[in-house]
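Pasting a structure here, questions to come.
The chains carry the letters A, B, C and D, assigned in the order they are written, with residues numbered from 1 in each.
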Amino acid sequence: MNLEFFLNYIIESKMCLILKKKILKQPTIPIEVKPKKNVDKLIEEMSLTAFQGRKLAEVVEVWGRMFQEKEIVIWLGLAGAMIPAGMRKILGYLIRKRMLDVIVTTGANVYHDLFEAMGEKHYIGSHFSNDIDLKKLGIDRMYDVFADENKFYELDMWIEENFCSQLKDNYQYSSREILQILGQILYEETKNSESVLSAAYYHKVPIFSPAICDSAIGFSIMFANRRKKRNIILNSLKDIDESSLVTEKAKKSGVVYVGGGIPKNFIQQTAVIAKYQTGHDKGHDYAVQMTTDMPMWGGLSGSTLEEGQSWGKIDKKAHKATCYVDATIALPLVAHALSGRFKEMQRKGPIFKWKKIFT
Amino acid sequence: MNLEFFLNYIIESKMCLILKKKILKQPTIPIEVKPKKNVDKLIEEMSLTAFQGRKLAEVVEVWGRMFQEKEIVIWLGLAGAMIPAGMRKILGYLIRKRMLDVIVTTGANVYHDLFEAMGEKHYIGSHFSNDIDLKKLGIDRMYDVFADENKFYELDMWIEENFCSQLKDNYQYSSREILQILGQILYEETKNSESVLSAAYYHKVPIFSPAICDSAIGFSIMFANRRKKRNIILNSLKDIDESSLVTEKAKKSGVVYVGGGIPKNFIQQTAVIAKYQTGHDKGHDYAVQMTTDMPMWGGLSGSTLEEGQSWGKIDKKAHKATCYVDATIALPLVAHALSGRFKEMQRKGPIFKWKKIFT
Amino acid sequence: MNLEFFLNYIIESKMCLILKKKILKQPTIPIEVKPKKNVDKLIEEMSLTAFQGRKLAEVVEVWGRMFQEKEIVIWLGLAGAMIPAGMRKILGYLIRKRMLDVIVTTGANVYHDLFEAMGEKHYIGSHFSNDIDLKKLGIDRMYDVFADENKFYELDMWIEENFCSQLKDNYQYSSREILQILGQILYEETKNSESVLSAAYYHKVPIFSPAICDSAIGFSIMFANRRKKRNIILNSLKDIDESSLVTEKAKKSGVVYVGGGIPKNFIQQTAVIAKYQTGHDKGHDYAVQMTTDMPMWGGLSGSTLEEGQSWGKIDKKAHKATCYVDATIALPLVAHALSGRFKEMQRKGPIFKWKKIFT
Amino acid sequence: MNLEFFLNYIIESKMCLILKKKILKQPTIPIEVKPKKNVDKLIEEMSLTAFQGRKLAEVVEVWGRMFQEKEIVIWLGLAGAMIPAGMRKILGYLIRKRMLDVIVTTGANVYHDLFEAMGEKHYIGSHFSNDIDLKKLGIDRMYDVFADENKFYELDMWIEENFCSQLKDNYQYSSREILQILGQILYEETKNSESVLSAAYYHKVPIFSPAICDSAIGFSIMFANRRKKRNIILNSLKDIDESSLVTEKAKKSGVVYVGGGIPKNFIQQTAVIAKYQTGHDKGHDYAVQMTTDMPMWGGLSGSTLEEGQSWGKIDKKAHKATCYVDATIALPLVAHALSGRFKEMQRKGPIFKWKKIFT
């Protein structure tokens, strides 16, 4: 399998040098520092460097290629707690420009977005804090970000009392529907689309949060059931049904993974389901990931896009790029590089037609 | 806050040396190699070394302490894909000895356990494989493990056809109920409790998989709904309801995290919910984690147990230990160390009373 | 030690809210995407986000503060193989602007700089290559960079033959002297100062490479000794002597670590030696590190700057920042941010007076 | 290059199933927990699991294979600060059993070994300490290990005063010679060979520490030169000369890397030098590494053994294994597994003949 025979042959026939010349073609080009260089330009220059710097440029390049496709659905899988980290408006921008079409994310991300959309704040803190002292003060820590626990409590009460009063009993909701209603409320109350939820509502970008129960949104709705004898149903089977339809019906699909976890697996899985449903053996056509999860631990979070190809989740001919870097560095850089490169673009994504939710 | 005043004082009063002597008390003890040393002994010796070696010993020590508690619920949060990695019987052992009382895990872990319980195999592979070639052969890769895609397909069909025929329409299932039924079927068909699902069924250890839809179990049930017009409901709100009750009612609770992800967050969250429900401000009393997720990326997966204390998820007086190591190294070592140390023990865990599921 | 008493007191005296308000003061501010934002601006905005994004901004901030000091020596510790990765001109820029005063680096970095200064190239490659095939073609791989082994061989011959003919027998060289001579040759032959070695020569920035023997420069000089019966002496004790003098005599010192390894340890150590020599108990006054080495493995490479404070390597009042990120991402960003922020600055660093080397 | 043609062919010719069967041959075997299992047995069982657990077993397997070779030199590259972490006697054991023949290590490792051989101790500490407080008490921290700074100071004085009085002026020492003299002194004074230095002296295992100046041994010798007008010379070129001779003259060579850094690069490099010297294009025949350094950052420390093959550092037919794990976990496990497996073995390694050092 290692081409030994073929290589021996060309060595003998003096073709070796020609092959070598073909491989050693594009030198790495040292970056020159300029005081007012914009982000887009720098990232472009990084494409001729090496290691994760070059990979970051490749992520931008592959994501940008997706926009050239006429009929494509672009998935964003967003793990972690990006909103407390100041990534909210970047996501809003990507939604408005329609640089993505469907979002799958954690309960944390939608909860914290809701929190900020309500006017609350996350605060600059320190990861060297004494957590016992913070506990006494009612301050919750997320690495180097602080939040006021009381404010979280107020939001949880709002979800249990106000938001749940707008949900129907006995109806089977998907997380997408829950988040669409939440987005609509936010949008109608604030008329601004800076939050992820309201921007997504306004621009008709569905948000799935398959593990939404793994957050205060989930447990606050549960409390409505438990304490007010409601019968709100969140049928997570509906999440798979709806999300898999997106990939099944897409001519082409691209995926952008920021971190791993459920969001990545969930989107990867839609390609497997699509194959089962349609019989077409075709994975996602474009794939980028920005992550700090490593492949050697064997988990899906850190798995390479290549591994995904063995499963048919990523297409064998897919354009791919992986950059190992913290999302709070990657997202701002990649978003600004795309913004510079596609300044004039206003992409029109697909409009998904879901059955009406509100009675 | 840095005790400057106090320290200046003691320096002046010559108490410095006394304090230093108190701090420099226990030397690290070099390990001596013996040919037939058993795992338990070696891990014990590692408790007087340093870095992650010592931490591994601390994990064993803290987990072992949980068994001394009369009334405690021990949670296991298990991320990743541990079954293909040969960890199935270790989990079976921990269940049988009742070294844990409740499991929260990924869809992958229960799916792969089911697969092996059905007599199927995962295979030794290589992480240097050409994934395009594997695709052509119908081989799915998980880092250095291979599996036959056709066998997965057969299992998916079994779930859609056979298993779903035992589920009721219109009933709201939690993932625990689904997995209990699955465990019962396995147990009754095989009469052995080597698989996680059947052992858990037999020993009355509930398994939650809050993101079970993020697996082939989930999408195969969805296909039953879609293709056979079934109306199976997996209400994920019920998962929070049931799981939070466990922590609410427990006198004490201990948590064991193998990796991060949903399992860890879900279990952490039960302490927050318990506080909301009961008004008692009390986190988990014992906590260990074995993980390769790092704190600096700000996500919950890598968050320190100390960070959890600021939220009240982990109690301020909790016994804690964290070891940064791959689970396929940690689990066998820790399980054997516990096994050696508690050879005679047959712990009796709490029996959870859930309402009947089968009509 | 956990302030329990003090905190209980303030809780009782209702001062809790005041303290909380003081801690929760500065919210994280979401970044807004603008198409032509320059790097400096973006990094500044990242200072009000979180996780490693914010840390990157802090690195720029602390490094920038060093320039405000009148009498300071700024050390750069540079690990890895940054030159093949296109970082050569960034280093040249930092030297020219005198954003650093002394460099400690690996043999690899000076060797590859020499290689490129000679007009040779490193090439864009792939980390998915078949290394056996590359071997057959005479291509050396550094992750995703390729180089022509024959060209390396030619350079090694040049060092053994030409360069060594300019070195004296029986004289005890430090690595700094070797590299200064190399820089002078490069500068005089090319009259340009784009390479690290020639720029450093021209701008009188000394470069230490304490493990220079751990590179082809080292072994090629050894071959001159072995094959031509030369007696070139590289007394590594002289490296410590010279380098420690720098910190001993500096009023203030700042350190910039890109990666760990010998460069970091060597610079840390100068503070310990300075204390032994001068009796002044004072560590480095400013310290930043950009690294992918983690603290939990217990090594010096990944050790926190705080750990360095226990040793007195970093001063207890030092301004510090650590960002966990690949250097090929960090260096371009940080250099451009500094460049934007200190556009007009031409810092004058200290001039070191070393005894004459050439005869 | 992806075998497309060949694979299409076999698919058409129905050979696909045969190939698949050949690939899916060896299932992963779940480990069964037994209370008194010894380490060797457990590691053996891990060879049929997956991820880093299996890799650890492969490390043992490949290292063990080296012992079957009649004429082989086994190198150990040991980074970090393993002695404070309680690894001293494990290294002593490996030396006594002659499971290695030459050591390349950091200045830290030999310094801390000397420290403990002198009867001093490292102490169990905590990585959550306040380093400013530790500084005030004169306690140096290495992650979770503490040491008394005064004791270090005393040792440094001993090196400067006593040890240096046994070194000659004007003689060009290699680090190996310095460490051999140190080992001899320790051995003669203590008559025990539990320390790495004295065991290595007694068993004629040379130790190189190419960056020994990057430690308190180095700077204390420097102080002898500076303060007592000595002229001790540590010619690091001699380190390359001596070390490369080992690989040049070896029929076969094996390498064991615990961590990366200079030790790894230095040993890798001997294969390149050997080729230059002898014209034989042959890398190390066996290679294992246990490390937490990752390949994606492009540095030599984290580089794969495969990457080393492109350079000819590792032979194209070499037996190889890499395990990503902290050394304080890996070393005890691997040493005990080897000890169990080769209980009766007393390997006779090669005896190196160096010119006499003492006049």
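Keep this in mind: a contact is a pair of C-beta atoms (placed from the backbone, for glycine too) under 8 Å apart; a residue touches a chain by one contact, two chains touch by 3 or more.
All values derive from a computational prediction rather than experimental measurement.
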**Asked** Counting C-beta pairs in contact, which comes out ahead: B-C or A-B?
**Response** A-B
**Asked** Taking mean CA positions as centres, which chain lies farthest from subunit B?
**Response** C
**Message:** Just the number, please: Cα centre separation of subunit B and subunit D in whole Å.
**Reply:** 34
**Complete:** When centres are defined as mean Cα positions, the distance from subunit B to subunit C in whole Å is 42
**Message:** Can you work out the whole-Å distance between the CA centroids of subunit A and subunit B?
**Reply:** 26
**Message:** Quick check on subunit A: which residues sit in contact with 2+ other chains?
**Reply:** 1, 3, 50-52, 85, 130, 132, 139, 142-145, 294, 296-298, 306, 324, 326-328
**Message:** Tell me the shape of the graph of touching chains, choosing from line, ring, star, complete and other.
**Reply:** complete
**Item:** List of subunit C residues in touch with subunit B within their complex
**Value:** 1, 3, 50-52, 294, 296-298, 324
**Message:** Applying the document's contact rule, which stretches of subunit A touch subunit B when the two form their complex?
**Reply:** 1, 79-81, 85, 108, 127, 129-132, 134-135, 139-145, 149, 156, 172, 210-216, 218-219, 221-223, 225-226, 232-237, 239-241, 244, 259, 261-262, 265-266, 269, 272-273, 276-277, 292-301, 303, 306-312, 316, 326-328
**List of subunit B residues in touch with subunit D within their complex** = 2-4, 7, 11, 16, 19-20, 23-40, 42, 45-46, 48-54, 56, 84-90, 93, 116, 121-125, 128, 130, 132-133, 136-139, 142-148, 194, 306, 324-329, 332-333, 335-336, 339-340, 343
